[in-house]
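Order of writing sets the labels: A, B and C. Residues in every chain begin at 1.
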Amino acid sequence: MTVKLMQGNAACAEGALVAGCRFFAGYPITPSTEIAEILARELPKVGGKFIQMEDEIASLAAVIGASVGGLKAMTATSGPGFSLMQENLGYAAVTEIPCVIVDVQRLGPSTGLPTAPSQGDVMQARWGTHGDHPIIALCPSSVPETFFLTVEAFNFSEKYRTPVILLMDEVIAHMREPFDVSSNSMVEIVDRMRTDVPPEWYFPYDETFSDVPPLVSFGEGFRYHITGLLHDRAGYPTERQDEINPWWRRLFAKIERNREQIVMYSADGVEQARTVVIAYGATARSAAHAVKMARVKRYKVGLIVLKTIWPFDESLVESLAASAHRVIVPEMNLGQLALEVERAVGRSKVTRVNRVDGELISPRQILEAIGES
Amino acid sequence: MGREEHEIYEYLRHKKKFPGVWCAGCGIGIVLAAIIRAVDRMGLDKDNVAMVSGIGCSGRMSVYVDFNTMHTTHGRALAFATGLKMARPDMHILVVMGDGDALAIGGNHFIHSARRNIGLTAIVINNSIYGMTGGQYSPATPPGVIAATAPFGTIEQPFSPCDLAAAAGASFVARSTVFHAGELDQLIEQGMRKQGFALIEAVSYCHTTYGRMNRIGSAVDMMRALKENSITIEAAAKMSEEERRGKIMRGVLVDWDIPEYTAEYEKVIARAQSLA
Amino acid sequence: MSVKEEVALQQGAPTTKEGPARVRGQTRGRVRVFRNWCKGCGLCIAFCPQQVFSEDEEHHSVVAYPERCVACQWCTMHCPDFAIVVEVIKSPEDGVAK
């Protein structure tokens, strides 16, 4: 046992290194800057590369370029920077290039409260970039979980050839918790699938063998074209409906068909619960405490903590909350995940507990909502 | 030159539809041929060459050529290329952009790529207009020009990408025109051989938008104008201010040896590993 | 001088000491235009120093005076669509291309 008192941002950096990240490009922004600073120091030690780019747009662009060059790559930012990254995020989604984008949420919009927590980027993570696209977004609610979900973020991005967003918040990022690091190196690492066909037969967007085509890096003898234009299986731009529609199906299928592996959550006491609380991130900690207090008062209350925010599994939530008369969704925004929950279980069943003034939602606030249900 | 012209076809992607998407008489194809001649002369392994392009008519070049190619978002080609170069410092990376892509939306990345002196060969095909979108004015359009978004004439002064790159710290800056295609491929080769950030401005024209809106004439007329209105830097040095005014200056403007970014970063890695 | 050569002279074809289309001791070229790739931009017709090219009814380039080509490669370097190849052939002493 090696227990360290570790900061959330440090756990994220550690998770990245263990997952095999060897490239970071970023721009300083509170409350994510520690991730960049730690990786600036640690990456070169392991032969990795760090660069501070001129803005967030360039940061994600460089991350994508490095990934194409064969390195697992990551950037970290907060709300304003995440907004800037949206165009290139769409590019990564359409070109199916693995990369990890950490968004340490702070209160927005605009400059907002730079040092205060929030969960205001949930919908932006899903729909921030223009056009339809699938996305994976993970959300830790503790320092150790930040480590593990960062590793999972890299694994998912490599396995499904997709950008993955790690939605942290300022509280998780800056708090310190004890973390047993001795088993860190034993986590499962997934690398991008290589191809086993000769170069002339390689199609970078081929659907023949699987929803996820094997990705070959530049310089390995397979010279192919990557473009943000809608493209055929060879990567060349196309306007043909008989090429575009199957491409859409595959792009979404590769995430949808793998929901079982991607959607991570914990559910406690939901069977026969009268009230169910669904929470994520820092708020999940208050929710856990509230649920404990409620049970002392004999309330039959269950708790679902989502670790995967996107994709949102409606049928899972619906079945977990089946017995409940009320579903409470506390979040540090004015109701974003609540929209998804309402869609899954019905608006009349959902009570929102919201807070957007820079303070955490307290257990008492959630307990009150449980009491009123 | 000579027999090697046939080699052009070995560098074009056989599965792509030719002739290309550009208008009849456009200079972009001429720049592509110049790039291929330079790469061929250097005897480079195609697997070790990448072309990263921006958005616009110039950006459409990358799909046609048999290298590792990436057609990126508007203005950001240099940033994507920076990441690729960091991951693969051994690769020869050409970054092809138009004047709007490189200097307007991409201006920030242009400045910082030059400042870092990162080993990329940037080729800006400057036709002083946004061609693909129909002829809007760009940061390279002179004043008094009719453009799609300047129906009463432009009032902005342009700036020179070469001056900008030089001021920002690029180690190689050169300019030629699509009329001087032989000179162009030599400058591209020089730029590719350079350790550090190389900018080659390839002055071209857009007869379809700029030429038509300003009644300048056909591609042939605009090509002739490039021939008649350009002078070499050496010749310019012997001319008066009057004679030089309004002329396109061709040649190498900057060529110095300064540390290249990825090479400097290797030293960072060595330092970090020795201290670890 | 043949009729063709007279017509060419009237049209402003370049001449040498020996007259048009006979270039002694100079490099010569065999020109081919890939018509399917030619977009008819007219650059080769306008700028060929030997006026080798002309245009057909659909304004595409054709090699009108192949014997005049001196393999300067202007056309191959400036054709925006790579539609022209010029193969270098050396002329023997009598100035007539093989």
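By definition in this document, contacts are C-beta pairs under 8 Å (C-beta built on N, C-alpha and C of every residue); 3 or more make two chains touch, one makes a residue touch a chain.
Here the structure is a predicted model, which means the values were calculated and not measured.
Centrality by C-alpha centroid: the chain sitting nearest the overall protein C-alpha mean is B.
When chain pairs are compared by their number of contacting C-beta pairs, A-B comes first. Work out the mean CA point of subunit B and of subunit C, and you get 31 Å between them. One finds 38 Å separating the Cα centroids of subunit A and subunit B. Per-chain Cα centroids separate subunit A from subunit C by 64 Å. Not a single residue position of subunit B touches two or more of the other chains.
Every residue of subunit B that touches subunit A in the complex is listed here, in rising order: 13, 15-16, 46-48, 50, 52, 62-63, 66-73, 76, 79-88, 90-91, 108-109, 111-112, 265, 268-269, 271-273, 276.
Residue ranges of subunit A in contact with subunit B, taken from their complex: 23, 25, 41, 44-45, 47, 49, 51, 53-55, 57-59, 61-71, 73, 87-88, 91, 218-221, 223-229, 234, 236-237. By the touch rule above, subunit C contacts subunit B in their complex via residues 36-43, 46-47, 71, 73, 76-83, 85-88. Within the complex formed with subunit C, the residues of subunit B that make contact are 1-3, 5-6, 8-9, 12, 18-20, 22-30, 33-34, 37, 178-179, 181-182, 185, 218-220, 223-224.
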